[in-house]
Amino acid sequence: MSPPRAGKVVERADVVAHFRDGMRVMFGGFMGVGTPAGLVDALMRSGVGQLTLIGNDTAFPETGVGPLISVGQAARVIVSHIGTNPVTGRKMIAGELDVELIPQGTLAERVRCGGAGLGGVLTPTGVGTVVEAGKSKLVLDGREYLLELPLRADVAILKARKADRAGNLVYERAARNFNPLMAMAADLVIVEADELVDTGDIDPDQVMTPAALVDLIVVAAKE
Amino acid sequence: MSPPRAGKVVERADVVAHFRDGMRVMFGGFMGVGTPAGLVDALMRSGVGQLTLIGNDTAFPETGVGPLISVGQAARVIVSHIGTNPVTGRKMIAGELDVELIPQGTLAERVRCGGAGLGGVLTPTGVGTVVEAGKSKLVLDGREYLLELPLRADVAILKARKADRAGNLVYERAARNFNPLMAMAADLVIVEADELVDTGDIDPDQVMTPAALVDLIVVAAKE
Amino acid sequence: MNAKERIARRIGREFRSGHVVNLGIGLPTLVPRYLPEGIDITLQSENGFLGLGPLVGEPRPGVVNAGGQPCGLISGAAFFDSAMSFALIRGGHVDITVLGGLQVDEEGSLANWMVPGKMVPGMGGAMDLVTGARKVIVAMEHCTRDGEPRLVERCSLPLTARARVSMVVTELAVFTISHGEFVLQELAPDVAVDELRRKTQARFLVSPDLRAMPL
Amino acid sequence: MNAKERIARRIGREFRSGHVVNLGIGLPTLVPRYLPEGIDITLQSENGFLGLGPLVGEPRPGVVNAGGQPCGLISGAAFFDSAMSFALIRGGHVDITVLGGLQVDEEGSLANWMVPGKMVPGMGGAMDLVTGARKVIVAMEHCTRDGEPRLVERCSLPLTARARVSMVVTELAVFTISHGEFVLQELAPDVAVDELRRKTQARFLVSPDLRAMPL
């Protein structure tokens, strides 16, 4: 259930009240492209800590979710890649940040399972590698698979090109990436949209995330 | 790998050469909406028999894949529903047609697994029902799930609103349904499009099935 | 007011604005006609969209409900494929589903998709809906045409899903189900509890807050 | 012609028109520069699209490659989400992937994502690519900067995927791998087999059809 439509569009300052210490936060984006900079900023202003960040990568120290890691608000990241952000690596080695690495396709499927009510998925990715550790392995038709389990979060912060007032979303080019999957997999879904349009202005065939999944909409600050 | 782009657009008569007795055929559509009538017709003209039809439902005797069942070309159907086509029921009772019923969401996931290189998926749907028969059951976090396995086909016949010459597809309204999933899960993918446009005429954000998945394109006959 | 209208009207009172609702074929499709004033819900259609509305004007290509019939769209509707449609259903994104029933039992199990030897239409999306929707309401007449009770101790017909029904609304009464027991919450004004017990094979508790079913 | 160009040029000959190809970062991204005349491939980018092309003119919003750098699009490109991107990769819809390597062993296993204690960037999409692409080509210089062989009997570094590499192209030679054995298929004109054996820790067979590696 989402709040009534009229109430979804809020000021950026209003979302801060939804953040808590220790939350699991899913963030859209790939190297920061498709990550909502304004909502990352809101998380920083909120001052909450001990966050678990779930997304593709930790981008760069100054982009994507990088700043949250730089200032020490994250206790844990669940990502496929940290190589572009040396701060993540340094904090990991210093024992200040727990890093769980997941193959990118497996991360996508685990988030999808979390949003789709599935108990898990069997993937061949990671068989025979360190990714196997602690996981069930099944053999089907002579091929080995790992059982990968669902991932969910308390809140998802997403970036859209366009939102209508009801919450229907359109993403732009490669900024789509994990955003539509995470819209399904979090208890509270907050979107930062570059443009807000009236409900009905987006063709129903072109909606990439339906309004029913979106709880709060913030319009991005003009650059 | 797809044939070179220039070669994808063919006449309806040309697809007949690809049909064989005993093929597994996936068909898009829901009660016939989103089923390519011209490609069903081509299958009928080909005269091939002993087909396994995989799709949502057997529609009505005169629509969707109904005609293929009426004339006896199908030996088996794997669907979620046969209630709207009394011919399916009669042939099933007479022992002329093997019917495998699958919950609709499970059918969608099984086709998706087949196209996505996944070994299977765990779903709570069907637990405690006849759907359990012959399936592995896993308990995770105290909840029971059935392990559902991938489905693939030799050929998929799809219906699109629009195709470009490279094979990028756009579906219309609820005629989308299983079509994009099946485009991933068959060795040969044949599309019937209402309209053919030049490559580049569809905005890359609005493509619903990318060209690389499509082998052959037939333009639908005008009504 | 006939039995079906009575049931549909009562179920309409369960909805809140913002609810995402999937309605089964038959009786459940009557519910939107009886929504209380000011309640704004979104209907999901398992053939792949949110924002189902009544047909207005001419049918449009591909705009059909899950029964294959032409329908309309509300402003802000959105289409998607079948995997997404059932991800929404199974993933708990549908707040309420209302379905017809053949039998409901004390455990909250529902049978509504087949009668062996008679009716084998296939489960379609029903098993996913009953398994995945946050709240499952069964809308059915209290007894069969032959007077057989439909609220039973244990379903004799093949199940659609086990232990997922949370509410049953008939023309005589409203029951909730929790911890393996039917609890009578509301009784129609023209019905006595004794009569209800005769027409109900299942055992049921009477809520200490028993109310009159609003008609 | 330097080592990298030699490798990229040779790999370009593996492509046929219509192939869907994913190129890893580094050396593999050079391959499209050396495609033979008339060969028309489609590049997949794991951040969510098909139809990657060189940047022409100004960068456009969201049009970036998997390294986060601005890029271009070919006519007929298509964008999708990350689940679809990896469904394509894992599902066998990518005909060829070309990746850099740290080590490849006789079983066809590849190590290219981490060096314990030194480099732990994360596997990103590499494990899915090596597991799912129909043909896996490893493009690497034959030895490390310190002269250590990279074709080894058994990888000592953590694996990216087991037994999935089908071809290795270095500046010295082209090997295929089948049934747990490297087979030398082509040798650069300036290299003798003896020299190659000294620089290769793995055992390898010499194909009866051994050819000169085209430069």
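Letters A, B, C and D mark the chains in the order given here, with residues in each chain numbered from 1 onward.
As a convention for this text, contacts are C-beta pairs under 8 Å (C-beta built on N, C-alpha and C of every residue); 3 or more make two chains touch, one makes a residue touch a chain.
Remember, it's a predicted structure, so these values are computed and weren't measured experimentally.
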- Task: Please work out which of A-C and A-D is bridged by more C-beta pairs in contact, and write that pair.
- Result: A-D
- Task: Could you give the separation in Å between the centres of subunit B and subunit D, each centre being the mean of its C-alpha atoms?
- Result: 34
- Message: Distance between subunit A and subunit D based on Cα centroids, please, to the nearest Å.
- Response: 30
- Message: Taking the mean of the C-alpha atoms as each chain's centre, how many Å separate subunit C from subunit D?
- Response: 55
- Message: Can you list every residue of subunit B that touches 2 or more other chains, as numbers and ranges?
- Response: 109, 112, 117-118, 123-124, 171-173, 176, 204-205
- Note on the structure: Multi-partner residues in subunit C (2 or more other chains touched) are 49, 79-80, 86-87, 89-90, 131-132
- Provide the full list of chain pairs in touch. A-B, A-C, A-D, B-C, B-D
- Write out the stretch or stretches of subunit B touching subunit D in their complex. 1-5, 112, 115-118, 164, 166, 168, 184, 199-200, 204-205, 207, 210-213
- Per the touch rule, the subunit B residues reaching subunit A in their complex are 109, 113, 117-124, 138, 140, 143, 145, 147, 149, 170-173, 176, 204-206
- Which residues, counting only subunit C, touch subunit A once they are in their complex? 16-20, 40, 42, 44, 49-51, 73, 75-80, 86-93, 95, 131-132, 134
- Message: List the residues on subunit B that touch subunit C in their complex, please.
- Response: 30-34, 56-57, 59, 79-84, 89, 92, 101, 103-109, 111-112, 123-131, 161, 171-181, 208
- Query: If you look only at subunit D, which of its residues touch subunit A in the complex?
  - Reply: 45-49, 60-64, 66-68, 79-83, 85-87, 89-90, 109, 119-128, 131-132, 158-163
